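Shared between the two complexes below is subunit A, which has subunit B as its partner in the first and subunit C in the second.
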Partner chain A sequence: MAAKFEKVKSVEKEHAIVDGVDISGDWNRMFEQRVITEYTPELIEKVADIPGAESFANCYQCAKCIPVCPVDIVGNYGPRKLYRYAQTGMDLTEAPELWLCTTCKNCLRVCPKEVDMIKIMPAAREQAILAGKFVPAELQQAFENTAKTGNPLGQPQRKRDAWIQNAGVTIPIIKDLARPVDVLWYVGSYPSYHPRGIDAASAAARIFSALGIDFAILGREEKDDADSQRLAGEKGLFEMMAESNIATFNNYEWKEMVVTGPHELNAFKNEYPKYGFNRPVSHYTTFLARYLDQLKPLLKHEVNVKITYHDPCYLGRHNGEYEAPRKLLEAIPGVELVEMQRNRENGYCCGGGGGGMWMDSFTAKHTKMRLSEKRAMEAASTGANVLAVACPFEVSRFEDAVKSTGNEHVTVNDILELLDRSMRGEQ
Partner chain B sequence: MTSGKVLIIGGGPSGLESARCVAELGGEVVLIEKRERLGGTPDRESYAKLTHHWRDASEAMAEMAESVTGNKKIEVKYSAEVKSISGEAGSFQVQIEAGGIAESIEAGAVIVATGFQHFDPGRATQYYNYYSFPDVITLTDLEKMLKENKVVRPSNGETPKKIAFIQCVGSRDRQIGNEYCSKVCCGIAGKQAIELREQIPDSKVMIFYIDMRMYGYWENEIYWPAQEKYKVNFVKGVISEVLKKGDKLLIRGEDTTMSRPMEVTMDLVVLSVGMEPSAGTRAVAQLMGIQQNKYGFIESGGAGGLDPVATSRPGIFVAGAASGPSDLDDSIAQAGLAAARSLASIRKVMA
Partner chain C sequence: MNIVVAIKHIPSIADDLPVKGNNVDFDSVDFVLNEFDEQSIEQAVLVKEATGGTVTVVGVDMIGELDGVLHLALAKGADKAVKITGDDPAADSHQQAKWLAEAIKGMSPNIVFAGVQASNDLDGQIGPMIAAHLDMPYIGGVSSVEVAGDTATVNKEFAGGFGAKYAVSLPMVVGVQASTKPPRYAPISKVRQVAQTATIEKVAPSGESSARLTMKKMAPPVVTGHAEMFTGSSKEVAAKIVDLLKSKGLA
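On to the complex of A and B.
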């Protein structure tokens, strides 16, 4: 299935145009000088000197990172290559390569030298942003949207809770309740604004209600967690959003927080504590898995589908949750669960992390196909007719990808939607 | 006639350690050394930081030599060479010449510790131009400069700012006849690269290699710190030739992991020359009728293959680089074993 796509040869230009005349030929590769005439250790040091990016200089070229790098599979890229490129003249802070990493963490999982792209990339990107170097325009737009409207989609803050009208159940806003709740549900930007995100959020609301959970949401007071903006290099923006969110969280009394998205989980669990927020947070899959005994009797309708589950990088590798999503899917009567070749710790990235969500056009110029397309093909090759996800970034990404790769027969659903379908039957 | 004495040939690291161990185990030793002083190659070539924990090797060797010369059970003969040997384990008669005077020594066992010599880079198949370009030097040349904390380009006395090491010069090469790995050059190049970065902080130091072979303590004490702490750059792909470009050297090779040709100028090029059996090792092996391998090192391992100090002739043992490339640590370890085995072989005959 994947065989029809050849790996890209980056030194060959697709087309060579001189003075408006297309002079493309087999010799295009000659446009890039073959001979290395200087080594530039100083460009490795330039990156390693940025606080947080020190481990960049430690790569000894074992290349374990390359086969697990999701970008290399669709392009010519990867941590150990970045080291060599820097050593042979590339200034990472000015290169397109700076923006291709999705911070999926699969390289760090296997790196014997603990070269940590999860720290290197945000640090180097921040440097590039501060120095006024190239930043992909779409990413810049997402940053500006977040700063202006509180969400990367650029939607108005006052419409953040508009979706709750059509969920079919009452969704209390914590401010209006004016009492402590057990669960503060942080909905997230995509589940609040994106149509397919709203589908998942509405399903979640119905499940929580059916389980009798005492929950509330922040409504118009909720703002984006900004963790992906941080990973994309906007630490200042992240800090601003974190401070604002923490102040809001602390305004109310609640026992635990549940989030719809893995990126929010990562933000609140691993990053916000650096700014003084230390409260229990779970992803909805972990949370619902705790209610499995109460949930099972509610799953009355058979859902006769063959499902393959995509591990979100920030739920799995970054936060260690692999089993809860699978337990939930297995609890649905009629479901057959099959695994893709790359799953759990070795799950393949959808391309949305680390700011990739807002750089699709840019990334497309530097890769042969989208990461989400690669993954959609892998999902289709299992014979599954449903690709189940647990991250609000993923539904739209994979819905596009199944179409563009000719796999329309595969439906993309959030686990919440599948649970909801089993609870209520086909609507 | 049976003798309890152990004859040790060579006053380098292995010879000295063998002598010290035999004496400590209660045996008597005659140690013969070709030069007028002890310490072997580390002393003759002024090795600096070549031991664990970066201790000066010639300093450590001087300490070892002192413990030998001050020991009543050890007789040291300088400017001495073996002329012939007869007899068998327990009762060897060895004719030597010490300071021009012939002597006969009775010995129950012999330890050959005659060491190695550095590969002559003039024999390299690649055009490294060691004898044509003053700024092409060897590890041993650089070691001397590092020891004096004065590394310069021999051509003009200036401080070099771009320095390249070329690995495997004279090693792992069938055409040269040395298919073996010299074991120590990776570690020594790494160590010298660290010292260069310490002594010339604004220098670029690069090591071009086929494989980095950093066994034992070299890996964590040298290889990792060289890259992580001292910012030495390692590039896979050995250099094919060294040419002249103005007053610089131009190194040409392939940068294999970039799959690109490479032509880079350098101020100083250091050839990581390997080890070969010393003239003394070849001569002593011939004269004693002990088996050599195809490279001229003394064949060791014994019949069972796990006796690294046994030679083909019972009662004659080998230690250190005489049996193949070996670093100081390994040479010293072998020396201790050779001491124990030689005394044991004498006691077996006497029993």
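On to the complex of A and C.
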């Protein structure tokens, strides 16, 4: 990708006389006050004036964010560069750059000035959406689907629990059960509708059943958590969905909630409390790790594969869970677990966060390759033949990516599917 | 300028269409805005933005859930919303066109937009019949509208990728195939704000009309055949396709 904005002109002087001494040469800038004339701060202030986006102006151009930015690795991006682009003429609220950040949080992890893209991006995007500026068409479709049908895939609400027919175990719907349960399992949109998501959901149901967990799902009353829509700038849509979901959650008696996806974890644990929902929520990896002693005897069949695990940004960096997924994988007999170079706190992003899930074609136009493709190549380079994931966004993203990068020999599986395979043997 | 958009609330076909008796089971299906009406609302707002005026959106409330659609239209730039309390989900396009025309009459419209067709009956009758009831010219299959004074320049699409440009004198009724620009996005915060503040005018249905068609039977399509997948190398597959075309007398 060619540099979009003109490079700054050098302010070095061929000749500089300081206190009568000629200090001509490339080091003279140390002695003369540097007059900065090649930019104005207006477009930086325009972003920093948006409530929530104030920290954009904190950047002092140290560039620690650049080598960890997943988008920069396949393009030309990162908070430092966005600041510089704004200095040299880019209006972030109108530029394609507004939509490329996946809110993976790796920049914030290393930023000494706490420039917080997790707050800047949703705020600036919301401003652009409210002002009727450019919104990628695919994203607009996901917003409209969520508002109309309760899920970004645009699938009918009354089919949300259709998958339970083929799971092979009874999956109780809390409304029909009409009694309190220990665990309310929030299935999520992709595990309810996407064929590969349904595979993971069905595996989860079989595992919960085998462990004797008293669980139920919301069925047709469940709606998308909408956290990624919030991060993509649709705060109003998020609030509408949050209000609806919280009312549904509070209609029933349950002790704790388990979610299939890290984005749902982030929504219910960190965002829904702002709207009055304060109840225990865990990701399935954290939940199942608690049952490890009961789970291990159930894992009877060897699964002889070399696995590398991809840390989902919203499970790892955003919510601090790195060990539970690894413990579960290591509990499977026959498994060899190998790490990719970028793992845990420095894990690479699949590209699906912050609305990236619904901007794949748009993002692809502004990067050298998809983030999921870069990650699929990293997974393949470990020699692993299974890429294990723990986020419902990832299975379809990485399955496409292993194909498009010629790494079909790497199978993509949710941890749930691998546990289920060890429990039941090859089906 | 008075711009009016006539819309239709129709059963969603995102799901399998439930059938009860000789018609759709209207109690167990979601209703959605006809997708051509999304285009026609956008076209109306674009004309308003270019020339000034007010946009009034009017539709028949088939099942008592039209408010959401009207709020969305207001959030996208319409100025007034009117619902005709038809309350009959089985009302056909002739009946709806009559009710709409009676409601539109009093609005003294300069231009009336309607989606060129809807996926429930596919007869494309709403626009032409409103035009007939209001004694206005009708032009359908339209993909752009520009208004100057009392004349509109309209692009109409024909089959085979042909298009034609017409100059039409106002008032007129336009059947919109596609708006000049893709329909804009209405942020939910704006839709919700509108929902709290907007007033929707209620109009009783007036006049009778019918297509005089009786539905004898409605059933989901019977699955009879199946797709045959050719496998093998590209040359083998190509040879199989050639053989197939020959066997059908097509090559």
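The criterion applied here is as follows: the second predicted complex is superposed on the first by the 388 of 427 C-alpha atoms of A that agree within 3 Å, B and C clash if a C-alpha of one lies under 4 Å from a C-alpha of the other, contacts with A are read in each partner's own complex, and residues count from 1 in each chain.
The criterion applied here is as follows: a residue touches a chain if its C-beta (ideal position, glycine included) is under 8 Å from a C-beta of that chain, and two chains touch if they have at least 3 such contacts.
Here the structure is a predicted model, which is why all the values come from computation and not from measurement.
In the superposed model, A:96 lies in contact with neither subunit B nor subunit C.
Contacts of A:57 after superposition on the shared chain: subunit B is touched, whereas subunit C is not. Using the contact criterion defined above for the overlaid structures, shared-chain residue A:158 touches subunit C, although it does not reach subunit B.
The wider contact with subunit A, measured as residues touched, comes from C rather than the other of subunit B and subunit C. Applying the stated contact rule after C-alpha superposition, one finds that A:41 touches subunit B and leaves subunit C untouched. Of the two partner chains placed around the shared chain by superposition, subunit B is the only one that A:87 touches, whereas subunit C remains out of contact. Within the superposed three-chain model, A:130 lies in touch with subunit C and out of touch with subunit B [touch as defined at top].
In the superposition on chain A, A:168 contacts neither subunit B nor subunit C.
Taken together, the two structures place no residue of subunit A in contact with subunit B in one case and with subunit C in the other. Residues of subunit C that touch subunit A in their complex: 12, 14-15, 30, 32, 182, 184-185, 187-192.
Partner subunit C is touched in their complex by these residues of subunit A: 126, 129-130, 132, 135, 137, 140, 143-144, 147-149, 154-159, 234-237, 239-240.
If you check the complex, the residues on subunit A that touch subunit B are 34-39, 41-42, 44-45, 57-58, 60-61, 63, 80, 84, 87-88. Chain contact summary for the complex, subunit B toward subunit A: residues 204, 206, 223, 227-228, 231, 233-236, 255, 257-258, 260-264.
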